[in-house]
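Consider the two complexes below, in which chain A is the common component and chain B and chain C are the respective partners.
Let's turn to the complex of A and B:
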């Protein structure tokens, strides 16, 4: 895609240069050299080469705050994605975090030897073929990679399966499942996304599932918005676990949670999908819980400051510390989140030597599954 | 390797050597990418822990190999295909033995894999 097409498709030509995007951007707030407004202006005024060689383009978190606030409805994140796709063609790329481990895991998943092991599921019932499919995504791999910061990816997956079992759903899982390709999509690796998408669709279709349940907001986003563009009709319906879970909340009879907690909205779930009330309803269903809100919530929530596994710098750390400060100022000592990435990134920041904030980061599904009481079984 | 070569040892064809400055500098991604490219087996060799010039290079390497093995298992690849040994440069004979054993193990697994696919 040329720069011209990128401008046309994202309607960047409507830019009024008002600067609301830069004012809203969590990165610009701590890193003055980065400005969404300037990126658009450069693309409109200067030559293509200069725009594509701009290293600052990889600093964008694709969190979408600018998208929802832009008065001209410019799709800035879409513009950024096209720009990155084009930049990749001339050999530019972002700096991978975690010494490229996650990129290597994805590469391994596309190799011929790959057969995903389902041994990571410690408990919970799953089958090979069923009406429902649970898409765990990269959770078991992230569990191994981020073991040092205490991230328990397997536990999140197992908790989701336990919750589903309690509702009366025995989901199918597959050996052929690979990464959803979310990060490859946002860093402009279109061909890789196509490979991953077709592999996933083939694996899920084999199980005969009609509904695919997601706990990761990013996987959900990919299946709901991007995969249909690549493969057309999916042949099944992508569903977020909250849609399945919320109608059953009353029947669960949770055990009491004696803690003051706050909730971090994941970008894809809150800002893009608008799933804001559901997680809060789930949290309030826990007896004796003291649930408090941070200042910036819902669509205005701040991103966990690192996405697509590229560009993790001092700036990102500052955004994370700022968010943790906000969380702690509510009086809560536990921060609940529904996205594995928010969990990993905020956990990493909270464990930093410079960070004086003591806060626990807990996944919402782990919290719910751990407090499941003896409610009614099945539907 | 030089010590083993003096004893008449030579690498079998299809084996390549990747020199690194310190085994502790090997990254998980580096090992994974070797497997992704279809390498049948990777043997990581490092200095003895007490000989480490950088204090904990070999220990760090052990952790990296452990993490990589866990990821390989999750991806359905036999973790035994990633070997790890700490030896001293003076242990030429030991080196020869380790390499021989590893090649045999990986070779066996490869044959098994090939025969399984051809029977299908």
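Let's turn to the complex of A and C:
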């Protein structure tokens, strides 16, 4: 897609230059060289080459705050994605974090001989064929990379399965499942996304599942919005675990949680899907919990500041530390989140020397599963 | 308004609602519901004795909810006709079955708890729609914190605060702690020029915000005002000069940038985050109060009224009028003027009213229109 087409498709030509995007951008708040407004302006005024060689384009977190606030409804993140796709064609790319390990893990999963292990999920009940499928995504791989900061991705997965089992669902899982391609998508690697999407669809269709349950907001986003554009009708319905879980909250009989906690809304879940109330209902279902809100919540929540495994810099750390400070100022010493990436990035920042007061980062499904009481099994 | 109220040839039906219209082209029959006030209009002289004794309370709609009124009330002091009304939803007698204090204290015997709505019919030659505007509810724009941050108010609430007959007797006492607000930010385009909400320029906000900022300085020489705007749309004779006076004589500061987000410090001071698009920098400014220039939109009942009258509306919900005859709606004999047909300021609404009256007069004199 040419820059001109990207402008037309995102309707960037409607820009009023009002600055609400840049004023809202978590990156621009700490890094003045990056400005969504000026990125659009440059694309409208200058030649394509200049826009594509602008290294700042890789600073965008694709968090979508600008998108939802833009009075002209310009699809800025969509524009940014097209720009990145085009930039890759002329050999430009962002700086990958973690020495490109995660990129390598994603690439490996496109091999025809690739089979992932499902044995780590054995503590819960799973099967090969069922009406429901649980899509675990990258959770087991992230454990290997983020072991040093105490991130436990597999525990998130097994917690989700325990919750599903309690509701009475024995989900199918598959060795043929691969990465959802979320980060490849936002960094403009369209072919890679297509390969991953078709592999996943094939693996899930083999299980005969009619509903695919997600705990990761990014995997859910990809299946709900991007995969249908690539493969057409999926043949099954993508469902977020909150939709399955919330109707059963009353029957769970949770054990008490004696802690003051706050909640970090993930970008994809809150800003894009509008799933804001559900996680709060789940947290409030925990007896004795002292739940407090930060100032910027729901659609106004702040991104964990590194969304595509690119551009992890001092700026990103500042965004994270600022967010942690906001959380700490509520009096909470536990921050609950529903996205593995928020968990990893804020956990990393919480261990930074500049984070003076300690705060724990906890996954919501781990918290819920660990406090499941002896209530009766649903049907 | 007072002149119209006293005019021998004008019959004013306040507290009434049109429920149906029959006929066409110069011969209409209107069905009007005259709502029960529970106060006899021809007896009440608005002495206020009932108000001083009434125990019922409700938010005062005219004061934008900034203070409470009694259950028997005068909507506003210059209203026509100057008679009291009982609001049955908040009246102790209507809700709990006893009280009737107003009845006891009224020397005139104007209270009538048994009053019922009456539906009356009127034959008219022409109808003029002039239902005006309502303001956009800014609580949907969660980033501005309206309803959550106490010191973020709307332009209409500001009008009541700065008004000598308002809840603070004209002083800018802010809602959180009643302290005088001296550093005030005015946020333009809240819902206006916004394709998700009101996809048009409300046309009056730039000018009234400048006026508000100048008023603040007149009340208090130490006040500082900041107007955050997209583009200043001061379209009209002398309007730009007014802006220059605000800058030069009143020290009003103009910042080009649509406000992104409003946060709050520990003392309930709003912190405004924005990009100063001239400097290309993201900044924050701590102020003592924020005034949102909320979009103006067709009054809430406009679409219902349009259906009733069989007149067309545009995609924004304004009454559509003919390009060649701007006071004429899609139905002969029915005219429109003011904000119900599109954004306009007061002088423009007045001249539109004259135009609509002149068009309607043609129908009245011939009985069938031209």
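Definition applied: the second predicted complex is superposed on the first by the 378 of 379 C-alpha atoms of A that agree within 3 Å, B and C clash if a C-alpha of one lies under 4 Å from a C-alpha of the other, contacts with A are read in each partner's own complex, and residues count from 1 in each chain.
In the analysis below, a contact is a pair of C-beta atoms (placed from the backbone, for glycine too) under 8 Å apart; a residue touches a chain by one contact, two chains touch by 3 or more.
Please read all numbers here as calculations on a predicted model, not as lab measurements.
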| item | value |
| --- | --- |
| Touched partner set for A:71, first chain B, second chain C, both or neither | second |
| Touching partner for A:29 - first (chain B), second (chain C), both, neither | second |
| Contacts of A:145 with chain B and chain C, given as first, second, both or neither | first |
| Chain B versus chain C as contact partner of A:99, first or second or both or neither | first |
| Partner chain(s) touched by A:116 [first = chain B, second = chain C, both, neither] | first |
| Partner chain(s) touched by A:17 [first = chain B, second = chain C, both, neither] | second |
| Residue ranges of chain B in contact with chain A within the complex | 27-30, 32-33, 35-38, 67, 70-71, 73-77 |
| Touching residues on chain C, where the partner in the complex is chain A | 142-143, 189, 193-196, 230-231, 256-261, 263-264, 273-277, 280-282 |
| Of chain A, residues touching chain B in the complex | 98-101, 103-105, 107-117, 119-120, 140-141, 144-145, 147, 175 |
| Residues on chain A engaged by chain C in the complex (per definition of touch) | 14, 16-25, 28-29, 32, 35, 37-38, 69, 71-73, 295-296, 298-300 |
